[in-house]
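To keep things simple, chains are lettered A, B, C, D and E as they appear, and every chain counts its residues starting from 1.
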């Protein structure tokens, strides 16, 4: 029983941060349909800036929050510039061209961070308040993971409300489908797309900043996460924030369950899960095939 | 042609290869810096046979194909004396082509056993030499020391990246520990995909195992950023306290430096620790390296440094920097190193440098925030 | 009273020209029919006004002497121009109500939705449907209703009756007929349904191979039967 | 034996059925027009008849053979050609190539990966000429105007020499030039191929009366009336739910 | 919906013929049957001229580039002709290469190696294609990515594949006494195989079958309605592409003498896409040209500088933004302008 609790708990602790990292991607890909390869670079940017601002030392909670925000803002700002200089020109091109463009952005940002921060990895410590672990039903979970889970859920709910319950959310969905028609009913598609891209990048930056205390931070860190992010967004279903969240948690639980019950499968559960979901439900867990067909 | 280093006068050019871009760039940069320090020292003392030495750098890249192109590029530019390289796959791919390209390689990074004459066999590649240690030697040395120091630790968990060198090292480690009289039992064994950075479930699984910390050891088969990430994620669950020790083959020092004073105590084995050698040459190496980069040298800098000195000895002996003369001179050559005189075995093409088993831990107040608690040299018994 | 004026408008798709120097005016409160053979350039003309991105436009397009050309589509829309495209373009991911509400701008009265639903046939019972659930004709109705949500000054209608059942066309005709008088809307009505145009438009412009070949009042067209032969039916050879 | 027979066909899209209990037979040589208000289920019924969507309940027979689960491709090979309400075609190919593909796809030539580039033959040229696309032959299909897209679709259907032709509002958006021509193409076709059956929907009663031997009024997914064109036209129900007052007997 | 925007839309935006008077015959029909022969010959000739004017190192890069040209051409079958998205193309290349690796001790003709690689890759492509028969668009790409990653991870799990060290010592062999191990002979062997296969692919692309693939790409629903077997066409394209990628993999193994897991990593899959796009995906020769140019460029950038990533990224950015149709897209653009001027 306690093992089951532990599996579920650490599954969630593993999965939700993936969602957090993928959240910006969910927004940008799921909602405006741009497969953003550069997402990993925005993520890393957030982590690098936070770590270099705090210099690796144990910060106070306030300092930490400020640094996280700064990381998010930097990524967001770079995202805005990227949209204005590159992405904007290619909305009318196809998926693959956009992929190439964002890949180029990824390389450029990774290269630029190498120039600015060097290739050495660095580490960052969370505030003392958030250190240590807590016990839930006999299973241990680190305090910081708990914080990430909470933040992840808040982001998920917030994004869901934003997309489904606000006028701008509707505008974004309309633009995603048909930008010209959206403009023809008075929506400033250009600005909305800019803001969405910027906000998605900001989310990536914040996620990177929040993940900083968990990993060794170097310009190539993004590679370790990008695959899972893509998978989570697509397996969750196009445009579905809640789908991404569910997919992330499933990924987490599958892997922790494998560690506990089927060690041969460790490292493979993720792939198995994705393949099974896609074969059984090609449109993704909560995706809507009919929306896509139109 | 091989004119640049071939003639008997003028500058001698050595080529250094390493992954100077991409995920491994940090290591490649260390190699280049090590070689550059050696070259600067040699030139300051009047060069080799009165000729000054020049170093050209080439990016090894991340695949055999880029490495092959890089070696050819240098060869084209007339640089037939090359050193460096990091990835064993790249070395394995290119070593057979060296004679055709008229290139000599003194490897300072690839650790695959099969690259030089293993177990007293003949060298498989006539133009390939190595001044760093091979995998097996490092792990067996580490295992011996650990078995001696901790005879009562019998229950091992292993965690690491899933790659051939990594998993075979873990096998050798277990065998050697057993050979040294410890009844080793393997408990949890997890090997994850290379490059993974998110280790939460595995850390959590390790942390949930109960047992007497005095009898438990953790074998860590990750490297680079992976090790740093693992240790960071392990920290809040206090994983280190569940084990008598953590042991890791490979270079821990740069990782510990990354962790900025919070690195747990780890036993590791590699070619070098700046604190392990008490020699004039080592002092000079450390001093010059620090002056150049602001950091202490690490194993990869050391190996590349050795490679340059091996070339120096060979060229001096050959009296020429010509490709064929140097190639003839290298087998059996004896050269100076911070560890004393080393020899490239004529038969195996391997120069074994003492394995440095280091026990170190993070300490915010120590040099570079890493405190070297203990080092032990294991001399190769060749 | 505003006026939408096109003078010497040339439009092309990439390198291919589709309009050659078209001039046309439309006053608020007026309905002008656009007739022409398939492929004549009616759609292109409407697209030029709304700055649809696939067409490149040269020449002058202005509302009350304020130039529209060069403005992005959304600005043109905010100047009071609405568009019913020939391919409907209902937002499938949104419900019909959301489709309509999204087009509701500040300029329009708060109860615009109710007004539009009351006047455009069919949409009333579709409000809770999702865009992808609509039949062809239902999409057409939603597209028309959506264009009216912003209380526009000018509406560009591209074959609004296409795909609608006769009863609905009849009702639509009534509601469009009310637009100019009750709401002062100017309508540019591209149609193949001659009767529909004849019933609604005061003036007619005939487009033929990218040019406005003839303009005049509806009655003139109905009487001048050779016009129809020349420009609309298969009768005579093309100019 | 009927050419096409539907028995108790139901179809829904997750909600309530939009086609309910439709039983309908089409004989060789017959032209049946399906009319009905917007959203009555005409297009849905078409997609069931063409195999694009499979019926939830009921049976579809072609020449007496059960084809309920056959799918679009097999039906096409069995001689069913259809057009879509919103024209569909291959936008990256020219008009001629579109028609050539339609011709070859049922002739199994598409499998010939060793053969040279597909060559349009006379049939392609005839179909293009018949639909008035001669001048636009080398134009990319994506560049066609709305009306010409319809023409292209008809050309693609014609060239397949079908036994059953399903036309979903083929004339919507066609002007005074194209509409009469389309009607006469279809009339000629029937003359030339007396076994051909056509099922057509149109909201334009002129088209319906010009072509149909039989008219079916569909309302809320059910067949309300099935009879001679005049019968259906004059039925009060038709006028009430579909025609309204505007239509004053086009044939008069 | 943007996510469904097919390559066709891109083509349409760049439409070639205005409503200009009809030509009497389709332009260049006679030429089109010669293309599958003439074009590969030109390809082989041009690359050979380059080869013999290059230094050793560039020769090596060019040789790899020609192998990649075949690989990217096989990707073109999917992305370009059929509108099938894939992120896992490296897997088939790697499978071909590993097939050669596992057979390295067999004493057989290099051509048999090619056949074996093609066969194994084709069979696996068939299995993957069947598994993903219902999946389309980016979801299919995701599935190929996942399969690719699994194959990649298996090289570490399966003992005989020797993990990160890879299988080395793969011979190039002799064909009828002609030793292809020397560099120049290896060049002739590789360029001949690649040119022949490119010619074959070109022929297939221009065939009725190739045109049918375009139809499926443009509108699968309409394609089914006119009687095309949409799934079978997709599947066959996937198998064809996999088999050709497998051959490219064998060539690679023969050229490099080693095969490592990096040949089937997803980063490499990404790179293949980049190379193909770089040349222009929607023209047959775009992908192969892209591969060669990209590799040469890449080699020039990643040399002594440690800012290679940055420079490459910026160059790519300029290329995408200024010429989204790739190298051949620019060629088209220029040709169109010239035509108008005339």
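Just so it is clear, contacts are C-beta pairs under 8 Å (C-beta built on N, C-alpha and C of every residue); 3 or more make two chains touch, one makes a residue touch a chain.
Because the structure is a prediction, the values reported are computed rather than measured.
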>> Following contacts chain by chain, what is the lowest number of steps it takes to reach chain C starting at chain B?
In response: 2
>> Quick check on the contact network: minimum steps from chain B to chain E?
In response: 1
> Does C-D or A-C have more contacting C-beta pairs?
Replying inline: C-D
> Among the chains, which one keeps its Cα centre farthest from the Cα centre of chain E?
Replying inline: C
> Which integer distance in Å separates the CA centroid of chain A from that of chain B?
Replying inline: 36
> How many angstrom between the C-alpha centroids of chain E and chain C?
Replying inline: 47
> Just how far, in Å, is the C-alpha centre of chain D from the one of chain B?
Replying inline: 74
> Where the centres are mean C-alpha positions, what is the separation of chain A from chain E, in Å?
Replying inline: 31
> Which chain A residues touch at least two other chains?
Replying inline: 92, 114, 119, 176-178, 223, 267, 290-291, 294
> Which residues of chain D are in contact with two or more other chains?
Replying inline: 13, 136, 143
>> Among all residues of chain E, which ones touch two or more of the remaining chains?
In response: 1, 6-7, 9, 13, 15, 17, 19, 153, 306-309
>> For a test of understanding, state which residues of chain C touch chain A in their complex under the given definition.
In response: 50, 52-53, 72-74, 77-78, 82-83, 85, 89, 91-94, 98-99, 101-103, 105, 130-133, 146-147, 149-150
> Residues of chain D touching chain C in their complex?
Replying inline: 13, 15, 36-40, 42-44, 85-86, 136, 143-148, 151, 169, 172-181, 203, 205, 241-247
> Any idea which chain E residues touch chain D in the complex?
Replying inline: 6-9, 11-12, 15-17, 19, 21-23, 26, 29, 32-33, 203-204, 206-212, 214-215, 217-219, 221-230, 233
> Contact residues on chain D for chain E in the complex?
Replying inline: 50, 52, 71-73, 76-77, 81-82, 84, 88-94, 96-97, 100-102, 104-106, 109-120, 134-140, 142-143, 156, 160
> Where on chain A is chain B touching in the complex?
Replying inline: 3, 6, 10-11, 13-14, 17-18, 56-57, 114, 118-123, 125, 131-133, 139-145, 213-216, 218, 220-221, 223-225, 252, 255-256, 259-260, 263, 266-267
